[in-house]
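Paired with subunit B in one complex and with subunit C in the other, subunit A is shared by the two complexes that follow.
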Partner chain A sequence: MSRSDAPTERDEGEESDDGSRSAAGGAGSAAPDPHADDAIVEVRDLRTYYDDDGFLGDDPVKAVDGVSFDIRRGETLGLVGESGCGKTTLGRTVLGLEEATGGEVVSEGRDVASLSGRELREWQRDAQMVFQDPEASLNDRMTVGEIVREPLDAHDWGTPGERRDRVFELLDLVGLIEEHYYRYPHQFSGGQRQRVGIARALALEPEFLVLDEPVSALDVSVQARVINLLEDLQDELGLTYLFIAHDLSVVRHIADRVAVMYLGDVVELGETEAVYADPAHPYTRSLLSAIPGSHTGTDRDRVTLRGTPPSPRDPPEGCRFATRCPAKIRPDEFAHLSGTAWERLDALHTVFRERTNAETGIAERLKRRLGLAVAADDIDEVVADLFGWHPGGGSTAEGLGPDEPLLSGEARAAVESAVNAARRGDDAEATAILTDAFGSVCDERRPEEHRVGDDGRTSACVRHDSGYESPGTVMARRYGRGDD
Partner chain B sequence: MRNPRPAAVWVGVAAVLFGLQAGAVAQLLASGLADAVAALPGVAVPAGLAALERAADAIPTLLSRETIPNRGYYDGSGYVGTFLGLAPDVAWLLRAALIYAYSFVTLGWLWVGYERYRTHYRIADWTPRDDVIDRFRGHRWGLFGVAVVVMFLVMVAFAPALSPTTTAANLENPYSHEITYWTGSGTETVTVGQANLGSGSQGTPQENVGPMQYDDFGRFHPFGTLPGGKDLFTFIAHGSRISLVIGLVSVGLSVTVAIVLALLSAYYKGKVDLGAVLVSDAVLGMPQLLLLIMLSVILSGTWIGKIYSGAFVLALIFAGTGWPAMWRSFRGPALQVSNREWVDAAKSFGQTPTTIMRKHMLPYITGYVLVYGSMTLGGAIIAIAGLSFLGLGVNPPTPEWGRAVNAGQEYVTTASWHISLIPGVLITLVVTGFNALGDGVRDAIDPESDAEEAGGASGRGGGA
Partner chain C sequence: MRPDGARERPDAATGGRERPDAGSARADGGDPLLAVEGLTTVFHTDKETIRAVDDVSFVVRAGETLGIVGESGSGKSVTARSVLGLIDTPGVIEAGSIRFRGEELTGGNWDAHRGDVSIVFQDPSNSLNPVYTVGNQIRETLRIHQGLRGRAAREEAVRLLEAVGIPDARRRISEYPHQFSGGMRQRAVIAVALACDPDLLVCDEPTTALDVTIQAQILELLGRLQREEDLAIVFITHDMGVIEETADRVNVMYAGEIVESAPVDALFESPQHPYTRGLLASIPGRTVSGDRLPTIGGEVPTPTTEPAECRFAERCPDAFDACERVHPEAVRVGPDHTAACLLHEEAYEHEDGPSRRSADGRGDPTDGADAATDGGGLG
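Take a look at the complex of A and B:
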């Protein structure tokens, strides 16, 4: 009861500006865990593919594609990434809400995916989930009391009287009062509803909670209170959290370690402060530089992530991030090309890739098969826009394209042959020609995890191999301003 | 209980209200039980049941023809055998008015009970259902529907007490019952059958007993008589029972099938859903009217075809052909709710599928069930009337509205217009009432819903 008022004293730090919040959060949450090696959940090469059983036998969506990590007892592991990168699916698969396509989730020696009967009930008690949207995750035809009680009923926990008392206890624990037992979710604010969701998740005394963006649907001022509640509960009950979020500042505040996900893959995993202070993977660097105000006072410059992630139905063969990577390895023979030229080559590559994957009508497909005319105008326009010449032989509109020719010699020849393939309607061929000419080791193999730093941090980037410049150096050179 | 007074007062008044009609309830239960046993093939009604029926009949009931009789005869100076010596029409009107007054008072008292519970005893000070009820109370079209449906239901429940005469005497065995009447110079006794012969409505002003008129034998007919001289009101009041029973049984069965299938297909999706789609498409592909005609002919000689004069078979056929349309209507909302996060949440702590369907999905489709159920009920009533009009369906002498319409068909333009018009208007009114009730419930549950959206069910069955 008193707890509902208590968070105000803690809010001060939350509502101040970003800089001091990061500093405070860093000091507060980086405390090393005494049981650092005691894993509560081990995720091994986990894969979750969605097959929408279409008649055409489309490729499955590879939402999670070969992920391995440990969650240590008592820690908070943050899981960040852009929307659609598979972080929610990963959380749901760990709990068994989605069926894993491959790999395993091991907890205390049992593979969670293959549990049944009594062991499954035990796991359902031990691991719970808090959902993103408290509007949607609470059945609004039930009273709060019934909602919180439901897990107890489902597991035949104690006597009905004990269950009732337990619910009152839980409501108090999350900062609600006894009267709320008889109210309906409609009568609560977003923050209070999320407290109900947390109380329900705690009902069966779990050890491990998956928090799926638990505060992203809430107002900023309420976010801080719920985060503080979660931290208090962790201290009090010795909980382990998998905290999924796209808000990097929240993760920095609450997480002990952070895993960065891109297109179904964990690209970097390490102690939160170390990752935030000196990100190893190019994607992490780009992501962190996107936090407003984050580059002030550090040696990093803002690196804008271009474009959108490729479709998880057909991820790039090599490094997942290769299509957008600001530190991508480039072939030596084209070392002389300018940064702008590379940017536009990447853009053209993306266009061809997307055209390959685009859903086309049957008539269009037939035309292509038969080698009939393809609408080449849009390709011509793209090329004119990017490189300043018109492949169809038409004239370039005034003011379109770059001021000076970007490509010459072999580079131009390669682009021309790719464009010609695309004009014939063969976008796959066009993509292959470009990859062939301008690709590198990044397009060929998936990078392994490398240990970086001495605190057990891992990062999956080819540039960590000896013989390559580190991502940080390259990004500073390519995108740095002046001489830093 | 902290404050028992409002509850005690309510229970006291409710007990008095119930006590007035306790005999009728006992009779209904006893005769229902006896009918159910009699419906079983090859089973004779045990003597105990018959005794039970007689005992129930002996319990006094306020609103019955025995307490307020309207049958009597004029003996030259006054009425003999009617209530307080009143004229038969006045006695009948008094009884009918009392029955309706009693019914509305009882329903009003139930509402008072709900409000007392809400203010004094319910712990939750607000529930989502309160909003629905409050919205419904402000929905005039829906309230009109409630009024019509309640009046229809009262007619169903009190059919024997409302009728000016009994089915046994007037419709089934008119030649084994006798009446006394005033010939103008003295009293005479004649069988009901003979009296009926002289009081039919045949279309000419000489041979017509219209609404609110007496026939030559001193009998009062609120709705006039049929061409054969039988009392139209008695016929309609008892016919309403058949309409409602067929409607309720068919809608109840098809709703049950549709709900179960909708929940299963929405929860398990995939192959279960596909299977349900295939089966329902196959059933929808069958011509309902043709099937009805064929089956009612084929089954008319069998034991199942004889239950309740063929009404039971009709209800089964309606249910068997009606559930796919219902299932289609429930499937969408069920799929929607099955994708809600609270279903996931329930799965995450290991709730069983049946409990998830019951607690987390069913409450969200009951609204649709009420809407489609009430509208389909109206459709079923029309369909049964239509079938009887065509000479199919419920067998004579069991009264049915459609048969009354049929009987009066050739007299529509004559003095005996009432035979077709009154039951026709009543069918329209009752069906409109059920549709209005459905509209009101839908608007109350989901105030943003488009009025057109769920209206598709209302036309069902109208083709028959």
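Take a look at the complex of A and C:
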């Protein structure tokens, strides 16, 4: 794991600190590690929680909650997921910009979180970040030259003259010209500003870059040029990228492997083309099916996920995705229920969950403490809408709800008891009753990572256990034709 | 047919060609829902006059979705705001007509049709007032446009929130915008827009700030509303994928002008304007990964003078000499399909095709600044 496989040194200034670099490389190779040939960064059971110490003692936000993966030297690892799933936090924690709550990020045999002094400086030099918004990440009062030079100054790189030459070289590298040295960020277009951000990140010749939505703020034609630039730079300098994006087409183009995140968890990770061609995890399937347009190369039926991810303060206990999962395992005793009935049950479940988590005023909290009924009418209406009967005994308004009651027997009894709890204002109890009655193994335990396929792909879904139908089969049956 | 009538074109290009936009409007029989003709919206700044929308014509028929696509600075949003009469100084609609059901809107007649046309903006958190409950904001619109008050307004607001797919609407209605997630906020904005019972909904990048899963929900919702309420929609976006899914017809805008207009299938199957082709090619999903993405060099210019040339010529891989002298007019290139490009003007057709100005399939970068954005920095 010596640095000899690093890109060719390109200038005199580089040589000056070459000594310290190989020293660090030597320290790294001393620690035996099975992945050492391969991995530039190893993330192990990483957790990052944000605790706002609110006086009401809220749970912490579990932005990243137990994530493990490797980033291989020279690859581009794409990281995709909806906003709020923890992509950015994960990227920042990997770089040590956020403090990890648990787990570790290991690079060259060192735990990044525990670095200090010279080693920390080395890590900060070797790993850099490019931010999403080029408007916000460049200081408007500094010229582009100063912006790109700042990391060199901070790390006492070479002599002032060498730094200056290095900046010109960097500007040239990212396709800017000498005159731009003296200009201010506001004189640049979005694409050019992102180039400045990239030049700054490259100043200290890092090996590893975290790119946080680097092209999201750009128009498609400018975006294409920046993507080409990033790919050229990677080839020329042997860089490793962690490429965070919500644009799935961009990730498909640029990433060698892709990790799909949902609510703080990596649910699927594998070779990009294989994942896009045949996603294993139900979330990946749904996410990819939502890409608009015909150029996506996926001809699966669209599965539109309902609602939004649950709050990371209070993630589901079992599988994180269970509350929205289109392939969720359903208990045998209710196998006879129709797809519509399940859809409505899920909707009711979501209503209770959201009510439980709703920010309530002090007055309402007090009322609840005192056991006063809150909003009983509202819940009656929701039930009437969804299932066609009125828990309060009133008749359903015309045109509301389905023509026939969707539920009967045990199912209806369970819903009624949940609704009664909700009428008392105890939404948490209502949620629990529904989970009890209609939940399954998906709600009980967090699925382990399963190896799927023979290309090292992992997917964390209970359905990969033998004895269950695969997610693809189930989704195809429940939501149209599918491709299986 | 050209309300400003001021612009001169070389005779070679005119040739008694009809304006296909206006033609298709007439072919419809009665008045289309919205007819925009020769719309020119300019912004007067101290330094210069920016022609953000320059002689744009299109029609929207009842119940259809017209997509407007283009990069930032192409004039999409200004077109939308012009249609709604939302242009403020230093902007002014300098020429052209906007007719809604045959009635002229320009010249201050918007108030007569307020509520018939409604708009949904890109960022839902900026279009809702954070200090009023969501219900309050829907009821305000109901009061102004439909005269509903009290319990009737409340019931209607609940119905609207349910119609846009917000569960537990009766409770949600007394919540504040910050208690809604991004997707729900956009649903609430759509509910506000629907509260005035519009016939035409202008959606200005309504899903750009949203995740792809939420985007799919919103697109599904708009499709359902369109069917149920027979809404016409003008859908503005820079995302070609979204356009492909939502639009019946598409206008491609560049530097304030419509450069191509076509039914959505025709546009994607056989784009006729070099800019449209470039735009489609630069979508990452269309290129095999590992290959370089095709790009369009340069940037969208800011139009400050009346066009005497093709505004895309500088970046155009197919440009030839005449492109810098002649302003191309929309030419019929297929059924309901027009492109404003000299390649399609017979007067400029060469026996052996247009002479390519640059062999590498790229417009010549003319100065250093262009080279810098051109993406070829690594030589």
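Following the convention adopted for this analysis, the second predicted complex is superposed on the first by the 436 of 484 C-alpha atoms of A that agree within 3 Å, B and C clash if a C-alpha of one lies under 4 Å from a C-alpha of the other, contacts with A are read in each partner's own complex, and residues count from 1 in each chain.
Here is the rule we go by: a residue touches a chain if its C-beta (ideal position, glycine included) is under 8 Å from a C-beta of that chain, and two chains touch if they have at least 3 such contacts.
As the structure is a computational prediction, the values presented were derived from the model and not from experiment.
Partners subunit B and subunit C fit side by side in the overlay (superposition on subunit A). Looking at the shared chain after the overlay, A:Glu273 reaches subunit C, while subunit B stays out of its contact range.
Once chain A of one complex is fitted onto chain A of the other, the partner contacts of A:Ala100 are absent, as it touches neither subunit B nor subunit C.
Once chain A of one complex is fitted onto chain A of the other, the partner contacts of A:Arg252 are limited to subunit C, with no touch recorded for subunit B. Applying the stated contact rule after C-alpha superposition, one finds that A:Ile329 touches neither subunit B nor subunit C.
In the superposition on chain A, A:Ile291 makes contact with subunit C only, while subunit B stays out of contact range. Among subunit B and subunit C, the chain that touches a larger number of residues in subunit A is C. Touch criterion not met for A:Ile198: it reaches neither subunit B nor subunit C.
In the superposition on chain A, A:Ala341 contacts neither subunit B nor subunit C.
Contacts of A:Met475 after superposition on the shared chain: neither subunit B nor subunit C is touched. After the two structures are overlaid on chain A, the closest C-alpha atoms of subunit B and subunit C sit 13 Å apart. On the subunit A side of its complex with subunit B, the touching residues are 92, 95, 97, 120-121, 124-125, 128-129, 131-133, 136-143, 150-151, 154-155, 182-184, 186-187, 197, 200, 203-204. Partner subunit A is touched in their complex by these residues of subunit B: 123-128, 340-342, 344-352, 355, 359-360, 363-364. Against subunit C, the residues of subunit A that register as touching in their complex are 82-83, 172-177, 179-180, 189, 191-192, 195, 219-229, 231-233, 236, 246-250, 252-255, 272-273, 286-287, 290-297, 302, 304-308, 347, 350-351, 354-355, 358-359, 375, 377-378, 381-382, 385.
Across the complex, subunit C meets subunit A through its residues 71-72, 162, 167-168, 170-171, 175, 179, 181-184, 211-217, 219-220, 238-245, 268, 278-279, 282-287, 289, 292-296, 299, 368-369, 371-378.
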